[in-house]
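Please go over the structures that come below.
Two complexes follow with subunit A in common, the first pairing it with subunit B and the second with subunit C.
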Partner chain A sequence: MHSFLSRANTLFAFTITVLAVLTTGVFISTFFEEYRGTVSIGAVRPIVKHMTDFSANRKKNDLGVLQLTLDMDLNPLFDWNVKQLFLYLVAEYVTPANTLNQVVLWDKIVRRGEEARLTFHEIATKYYFWDDGEHLRSNNVTLSLNWNIISNAGRLMHVRANGSTSFVFPDQYITSRTASPKPTGQQ
Partner chain B sequence: MIDIEWPFATHMDFRGQKMAERLFQVIIVFFGLIGFLVGYMMQQFSMTIYSVLFGVLVSAFLTIPPWPIYRNNPVEWQKPIDSKKDANGNKNNSSNKSTPKDTRKAKPKKDQ
Partner chain C sequence: MHWSRKLISRLLRYAIVISTLLMLWKSLILATNCSQPILVVLSGGYSFHNLGDLLFVTNYPADSIRAGDVVVFRIEGRFIPIVHRVIRVHEREDGYVKFLTKGDGNSVDDRGLYSVGQLWLEREQIVGKVKGYFPYLGLFIILLSNLPLLDRLLLRVVT
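Then we have the complex of A and B:
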């Protein structure tokens, strides 16, 4: 404390300590928060195609195509410890080949301060719904929305929202002569 | 960069340093607590950070420049001994950094 530099140094170090204590306080104040919510999901016009997945091996697999209708209000999730949410829509189903299949069909990053009341009407899925095999026909698929909480100081939590829906794929393939909307792929 | 000759006095005496350190600690903790409560009310952590940074600015203004209030208790140096006594006495005295309450007298000179 005997010169400019030593005073500035002491002040800076103390400030950093105070900020660390405050950040710990923020972490503790939101430790028990569960971040649950309800959304509404709709699967529109699901169909199944049988095609070659050119990005994988050359055999033909089932490709599911559907449109999504989503409605959610995420404002209650943003407390002072939440920086952004990573939303992802997962399709889960059972096949004879695998006990559990999970395919992510759509995701979105919602930052703090951005519009948190989201509505999507019959949008295409963001990612292809390839099955590992040929078992999508007549398969009962459950769509559920999850979010990953990115906090300022704390755990990274994955939370499944209430309000998942199920649908059943038709039992016949669509041949290429039938017109049907295709997924947009990665944006 | 460290040893610059400023045209004004830049030291603080020990009482002043203690006062300055206590002052900025109190200011920053105070603004930190206020910021924590405001941030919790508004659910905005940025408010907490802004409050602490404001406290740092206020403290920096009050404690980094060497204001004259931090020089109210100067260190009392002992008077130098007459040079007619032997050189031992002078050397001993000038290296004594005594506190204001110190009443140590000069060491007795050695017998010639």
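Then we have the complex of A and C:
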């Protein structure tokens, strides 16, 4: 333990070991945390269009268009092991062609320290609501908000918030001549 | 002791260490039902995966893949798997299911990354779901992977 290199080596190995133990401790300390919460979701003016999906199979599929009203307080979720939250809104529905369909309509990253009390009033969906087929008319869709807890070290947890809501699409298509708000990507 | 006995004894000790590590690794593959249970993040394009992070992946068939899950998938013909999030799931009555994925930081979905003409991911192309994560521990493996031969032997993932 006299040369510079052997001292540096010992110091380095010790530092790494301590950091690893600390990280494991952080992981274990939040292992049983459930991260539950309640949000309020509203679906506004849902309509169905029938258009060619150029991003997929180039056939005519149903496109659902709606606005979202969201209200949530995420502050209780941030403990010392949470680096950021990935929020995502999932629309879930059943069609004759597919027994289970899930489409993510909106997502957001909330980092620790950023504003965690979020309210959105009638915003457009972030992603297009394409169906794999043409069965959105009169379909009962459930919207639920989920968050993915991204920790400093540990499990990658997905939690569904309480407060999902359902809505039914109208039973007629909208013709493209009617003025209707479009998702942000189109404009 | 005769020099050859010393040599053999030393070789055997190394062999025991290496084979124990190999057996531990294989047991982990069996326990997680996943061909690559631990992966090291290569590029820092994703929202929360930084260079050098370790990802723990499992692939239980009963653990169904739903929208929002972070999955590891491999496109046919490509060596390095990709870690992205599932944004669309369509499951048929007969059990056939297809997925669409997108990286959190990307504004477009992954269809540009799939093979030509491929629109959806199928269950077989998904290596597993990411269950946990440990920061920075993989940096050492990345340093090692700069040696040309070790490249193919080590586990890496691109995000």
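We adopt the following convention: the second predicted complex is superposed on the first by the 185 of 187 C-alpha atoms of A that agree within 3 Å, B and C clash if a C-alpha of one lies under 4 Å from a C-alpha of the other, contacts with A are read in each partner's own complex, and residues count from 1 in each chain.
Note that a contact is a pair of C-beta atoms (placed from the backbone, for glycine too) under 8 Å apart; a residue touches a chain by one contact, two chains touch by 3 or more.
Computed from a prediction, not measured in an experiment: that's the story for all the values here.
*Asks:* Between subunit B (first) and subunit C (second), which does A:V90 come into contact with in this model arrangement: first, second, both, or neither?
*Replies:* Second partner only.
*Asks:* Touch check for A:D132: first (subunit B), second (subunit C), both, or neither?
*Replies:* Only subunit C is touched by A:D132; subunit B is not.
*Asks:* A:T10 in the overlay: touching subunit B, subunit C, both, or neither? Say first, second, both or neither.
*Replies:* Touch partner of A:T10: subunit B, not subunit C.
*Asks:* In this superposed model, does subunit C or subunit B come into contact with more residues of subunit A?
*Replies:* Ranking subunit B and subunit C by residues of subunit A touched puts C first.
*Asks:* Which holds for A:N152: it touches subunit B only (first), subunit C only (second), both, or neither?
*Replies:* Both: A:N152 reaches subunit B and subunit C.
*Asks:* Output check: A:V103 vs subunit B and subunit C. Expected answer is one of first, second, both, neither. What do you get?
*Replies:* A:V103 contacts subunit C only, not subunit B.
*Asks:* Is A:S29 in contact with subunit B, with subunit C, with both, or with neither (first, second, both, neither)?
*Replies:* Touch partner of A:S29: subunit B, not subunit C.
*Asks:* What is the contact status of A:N57 with respect to subunit B (first) and subunit C (second): first, second, both, or neither?
*Replies:* Only subunit C; A:N57 stays clear of subunit B.
*Asks:* For A:T38, select first, second, both or neither according to whether it touches subunit B, subunit C, the two together, or no partner.
*Replies:* So A:T38 meets neither subunit B nor subunit C here.
*Asks:* Check the residue A:N140 against both partner chains and state whether it touches subunit B (first), subunit C (second), both, or neither.
*Replies:* neither
*Asks:* Between subunit B and subunit C, which residues of subunit A are contacted by each of them?
*Replies:* 152
*Asks:* Which subunit A residues qualify as touching subunit C in the complex?
*Replies:* For this pair, the touching residues of subunit A are 20, 23, 27, 55-57, 83-84, 86, 88, 90, 92, 97-104, 107, 109, 127, 132, 146, 148, 150-156, 158, 185.
*Asks:* Enumerate the contact residues on subunit C facing subunit A in the complex.
*Replies:* For this pair, the touching residues of subunit C are 47-48, 66-70, 85, 87-93, 97-98, 104, 107, 109, 111, 119, 130-135, 137.
*Asks:* Which positions of subunit A touch subunit B when the two form their complex?
*Replies:* Those residues of subunit A that touch subunit B are 1-5, 7-8, 10-11, 14-15, 18-19, 21-22, 25-26, 29, 78-81, 152.
*Asks:* Which part of subunit B faces subunit A closely enough to touch in the complex?
*Replies:* It comes out as residues 2, 10-12, 17, 20-21, 24-25, 28-29, 32, 35-36, 39-40, 42-45, 48-49, 52, 56, 59-60, 63-64, 66.
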